[in-house]
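Structure record follows, encoded as structure tokens.
The chains carry the letters A, B, C, D, E, F, G and H, assigned in the order they are written, with residues numbered from 1 in each.
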């Protein structure tokens, strides 16, 4: 965008672009306007991301229209919180789209991103946390990361976790997915020296209050190096992990 | 009390007690009425407890009047949440009363209870949890228990806890005192096979919300065998531990 | 586990086990890895528990795979929060499994645990609290305890409770199950001298806020000797009661 | 007020009052405007109440100005949440004003209201609830009611309450003041057949959350016939009890 | 009950009742034990109430068994929170039972209670509050009260309420039913001199938080003489109103 | 209404209206009583509003009866939170009624209100906020306002918003509709110098807590000139915007 | 700012400004950087506001440095939440600064803004709400508005409010300041046809929860035309009222 | 630690260490036991951290004893939430300790960590957020990072932030510190492609609820790549940023 801006200003300076047209160009540059949605064309360029569609609260028709537009671009696509009805709508437009029912995600993987990066380890406390954990895994993978799973290692049987300390310590970023009391984030945070992304889940009952218990636990973690994302937000954790895992030389926006 | 009741009924049957007097006797038996307070004389008989005074929200004068009465009985006394002003008032009546400033407790230990019981271990997550932990220790000790302390073994450095598994496993009851994310209760709960009493503390800041974070964690513990008491309620934990630790033959109320 | 550890270290000392194999042995010892779940083989040995499966948030297929593995072991099995679909899946593997619809539990009782223990009394405030109360009863029974029920004795008709004081006082552990204002825990706590485990239920409406009202009441109980478990957590209460009720000589982990 | 309205309308009809003056009269009738406060002259006439000043958040100077005005009327006065500074200001204007430090109330009792009414009984759970209980007592007394106190009868020692069932049952209205788990309201509600006014207090700590625990308990009371007022609102309870206790023939507003 | 007690004690004194039988008699007197429920036979005697069954969280079968028992008694019956399935079960036992779908109540009115009492006025803020308001009306009526409805007079059009001040002022007790901001209770409380029972409803959306908004409003009412019951608790309001409205000479329990 | 009052008073003065009839007239003037609802006839006169029916919690039959009455008046009608069943009931009475499924509103537009007013701009953060945004648009339009939409300009891609600053700045009132973190209200508030009405939506998940997150954000906005309405209350925002946008000379009620 | 932007772009086009300098100019234009604070020079130009300093959480030294800079500009200044220590620091720099202790505001009124606008009426429920009400008054006045006060007209004595309907109806904007149950906003909202800005205050106690009660009430107001600002935010209300009250022709930013 | 473990096991294998001594060695290795605190000697080795002391809830004496021990080690020391009394105690032991009053931190910088890392940018919304922002800055600096400050760029004047996009985009990690509505995190998250650590602060008032508003905003951020730490936890943010900023080759624990 900086280059775009410089180019436009230089064109004005060179007299090849009028001031009025320059102002117009600046307005139209960075997104595609569908009326009900403004698709951010340059986001991938800016942030190395696939285009992501958060399907919850959108009608299948709205998702389809967005997909219609994206189908003309050569980007990878990730649709989260998608049910089967949405998937059928997407498949009409992009037949090769894949559906993962556990994390309820649609993936369109058009070009592999090969990167020489560290490993991301996704740790889950219990079997019931898997939908959120898999959402994180898929998100990180489509952004070109190697991901290793370490599931059902909740703290009530701490030996299950300690038996895999080596996996944890080879990670460049660790994602911890846990519901109930969310204690796993603190324990993992004390075992590794790399960043931990904690994802509270709404798994549990009673005084879990839909994930509040795990959320507060993770925010109050006595271990350092823990950042928290929203309840059940596996996607956000995967994306933050991928960003941390990126080549740091690439960090300046084009 | 059952014996008392039977005796009164038998006296009525025997004609040595009128119905009216019987009804009066039943009313006056079990407590001493000071007007603003009704002291439960027979609680110790019933429950093997020392007399306990919760000083918060009581004036020093009120505490003193209660002490005045108890001084005439031969019971052990425990006054919790007591400040120095209260202690001075108590000392005027019972000079041998001791004050413990960290847990803010006054102790009058008139007769040692020698019991052949298991050990109670009090575990704390951090140094800041000590006032609550010590309140639990003192309470359990005055009820005749052997207590061992295991302090500052929070989960962010899990090796500090694991290095003392042997202490934990010799305990008949474990009290876990932790603030912040309160994860220690779950980890200890997974390591021992005896009952764990979890005490959330208000230690922490921000989204700790005065102990709510640790409280919810402990209630949602994925480990079995964990019972929770109120935030900062070291006294309640010590008492529950003592009750669990009692000779089970003694469990029927006299 | 301590014995296991000593044996492995001794084998290394004796030269019959290499350091590398020793490290591997330590890692693989204590659980069975199904990928999505890590089953804790030695938990029963360690804690005298049946294997327990918390079915909520697990697919019937996942439960079935866990059962498949456990069927090869000779352990007792308890599956909680199970619906009929899950029960059908379990019955295919273990035809003698029983289903209890009120507490929604599946029980596989392979070997009776005969223990010479005290009695556990489960008290409920109202008829609507029965599913949670029965969850506690079944859990305690499968762990070898004698259980007595005392139902519908809520405090609004206190004479119903007082008429059964004798049952309460013969108990070694009392479980109190109550929704709405949860006052029953305090009243029972004042009547007995043995530990009380309080289970708040989500029974009620309006400002009950799904059990919050009873939960806070029980945590703030003015009676001593009360430990609280999560809302609707009959299983947790049954297990904690069973642990307290165990022979105290057995308390050190093998 | 109805009579006032009829008189004004009749004066207009009779031509002795212009429409404009009539509108003005209607505006000025029912209160005295001090600028920062509008004192409701006719409230006592309407509702048989003393004039009440809620002192919290008012400056001593503001209270004094209100008292200055009321001193010219022959009404009884009750000032609640008053500290000593406010009392000194009031005494300058009305030297016979009395101060009750426990409930922090100022009372000016100019004419005794002799009424042939039922008795109001004020019950408190603990000694620490006395300031709120006394606020209720004073309020009911200045409105001409006979009040009996029954203090420190919390449910953890239920026999203390049961021993005084006769006092409860002679009451026409019962006020129950309790903090912590607030269970006393339900138990009393089950014992009497007259209205119970429940006052939660902020007495307690931890998960009491400044009275929320007792408030929710009382709202969820399983006993019928319980109405709840705000946390620590002894005044409101005393006033509601007095209103209920009034001669029902007087219920139509003059 | 007092008479019962005296009689039993006298029989013991007279030797016509053994101590053991006396203790047994005291236990069995006041309720019928169905196992899962303990029906309080003497409640009506004690409190002039119909027998009330709260159907929520009870199975139709459980309700039917309770009805089966009550059918043998000559009491009035009120079943609240009943759906059609429950009603069908009840009708099999008591064909003359009536169902009111709006408040979801079943009424069995076996003997009219004719009382010479004041009037109860039920005021509702909006049309959506009617189910709760009607629950209050039915409850008060079955207890022998004259009830007048004043519906849809919310404060946003205050003239609708002011136009009916005469109805309000003829009431001996006023019940105010309101959701959303619940302001109606304060306005009515300022208009009448008799007790106001405020019922918050869960009507509304967004920051209404299922009735919390109206509940807090009513608890903080700046008008005196307001007692609050649980959210949507029309039954509780009707019952409290009926109790207040009772002949005060009858207040001592037989 | 002022004129009505003056007329009635003058008629009394002139002797053409008795005092009793005058009091009756004052009572019956301002609304139509359907029993379960009191329709405010003069609201449109008073406030230039269409008649609005909030359908949630009303039965289709109740809505139909209200419509039946309104059909005899010549007012514009807006029914919010209406489902198709309600729409079918309305159409039987008023066949030209239109249904808008996204905002779930029924509109009966009988006479166009032509006003020479400023423009209202409705801004939404995401596509999922459209139902609420459209509710605001329809409401403002039926009250005679020109409305411009600016959708899907959430702050995570701030350039989408900045590209349309000119639209924002031509607005006389801006409505900002946003869920999740609700940050858009603050950013827009800093860009414009006209009033901003912020509508939090319940769009989001996890720690959004049904709109609480956006609600708190908007209330704490660091930008000046922001007023907040209830969660998902598009109608309220549209109406407040229309009121602000009105000719200020018209502000005195007739 | 639009003009500034156009000028800079035109200078680049004309070759009198290099691209680099143009980018620099765009960056430095709109604020003064003090390091710890960035003062928004052009805000007044943009929004007709005085410069406002929110003093809470700022050291007196920080406030003084900001004042030092503003003293060189000819703007009006408003400092809110200022204590006397801050005022002394300000007076050293600007001796004519005035301090209003009730709303804790410092005012520097350098040039009167004479505007021909409608009137703003500030209504308060009780005397205790005055600090917040006065904060609103001062804020509106320094922005050139005529303000009328209507204090102590809470809904418990609704006749006090109704007696002043004429004042309310002459207002172009109404600000309603109320604590406790906040019902005043709904009642006023139903009486006027102009915008109402509701300010919840933290006045009250118990279940008021520091203003939450009034806040929720106001957000759930059943009256239309009500916008809510933060608890105790008199300043925000005054500013929003002033913005609404502005000449609508001036609404486009320069 | 892995090396330590291997060494101990090899010594056992070699016969130079008995099994008992090996078990002892494993226990004593990783921390120094002061009784009330267990100092983690190897944490710096493990995680490249300075030793950190959280002073809140610790007595000055306890801090001094910990410092006494650390003074014998050559580590860097950071003491957070320290008041002047604590600082005086520390200075007695380590005279060169520096105190930073704004973030209330004590720093002992014994050996500079020179690292060739990216830059960390700390952004704050307002002047009042500086104490927390500076806590983050100091923490990151003592861990060897270059830090740049960008203060007072809250979203209500978005141009202040946009003017510094270049600073943001040169950052390898961005820390955003904001109170009130916390919107800054989302806006910054949309502008950069590197990880954003969001720190909610308790700055604000009213419905800010001590930082809850900003916390929820940040958790619900619609921008990707945002991880959240506890309210006011500048230290945690600085540490997480430093960990992310580390050379990724160093990520395996020694």
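To be clear about the criterion, contacts are C-beta pairs under 8 Å (C-beta built on N, C-alpha and C of every residue); 3 or more make two chains touch, one makes a residue touch a chain.
Computed from a predicted model, the values in this text were never measured in an experiment.
Colleague: Specify the angle of rotation obtained when superposing chain C on chain F by their C-alpha atoms, rounded to a multiple of 5 degrees.
Modeller: An angle of 180 degrees brings one copy onto the other.
Colleague: How big is the gap, in whole Å, between where the Cα atoms of chain A centre and where those of chain F centre?
Modeller: Each chain reduced to its C-alpha mean, chain A and chain F end up 38 Å apart.
Colleague: Could you put a whole-Å number on the gap between the CA centroids of chain E and chain G?
Modeller: 49
Colleague: Residues touching two or more other chains, restricted to chain F: which are they?
Modeller: Within chain F, residues 157, 206-208, 212, 215, 219-220, 224, 230-231 contact more than one other chain.
Colleague: How do the chains pair up in terms of touching? List each pair.
Modeller: Final set of chain pairs in contact is A-B, A-C, A-F, A-G, A-H, B-C, B-D, B-E, B-H, C-D, C-E, C-H, D-E, D-F, D-G, E-F, E-G, F-G, F-H, G-H.
Colleague: Enumerate the contact residues on chain B facing chain A in the complex.
Modeller: It comes out as residues 125-126, 154-158, 162, 180-183, 185-187, 189-191, 204, 206-209, 212-214, 216-224.
Colleague: Under the definition above, what is the set of chain C residues touching chain H in their complex?
Modeller: On the chain C side, the touching residues are 6, 9-10, 12-13, 15, 19, 22-23.
Colleague: Okay, in this complex, where on chain D does chain G touch?
Modeller: Residues 1, 26-28, 30-31, 35-38, 40, 43, 54, 56-58, 62, 200, 202, 211-212, 215, 230-233.
Colleague: Which residues of chain F touch chain A once you look at their complex with the stated criterion?
Modeller: 127-128, 130, 151-153, 157, 159-160, 163-164, 203, 205-208
Colleague: Which part of chain E faces chain D closely enough to touch in the complex?
Modeller: It is residues 46-49, 52, 118, 169-172, 192-195, 197, 215, 219-220, 224-231, 236, 239-240, 243-244, 248, 251-253 of chain E that touch chain D.
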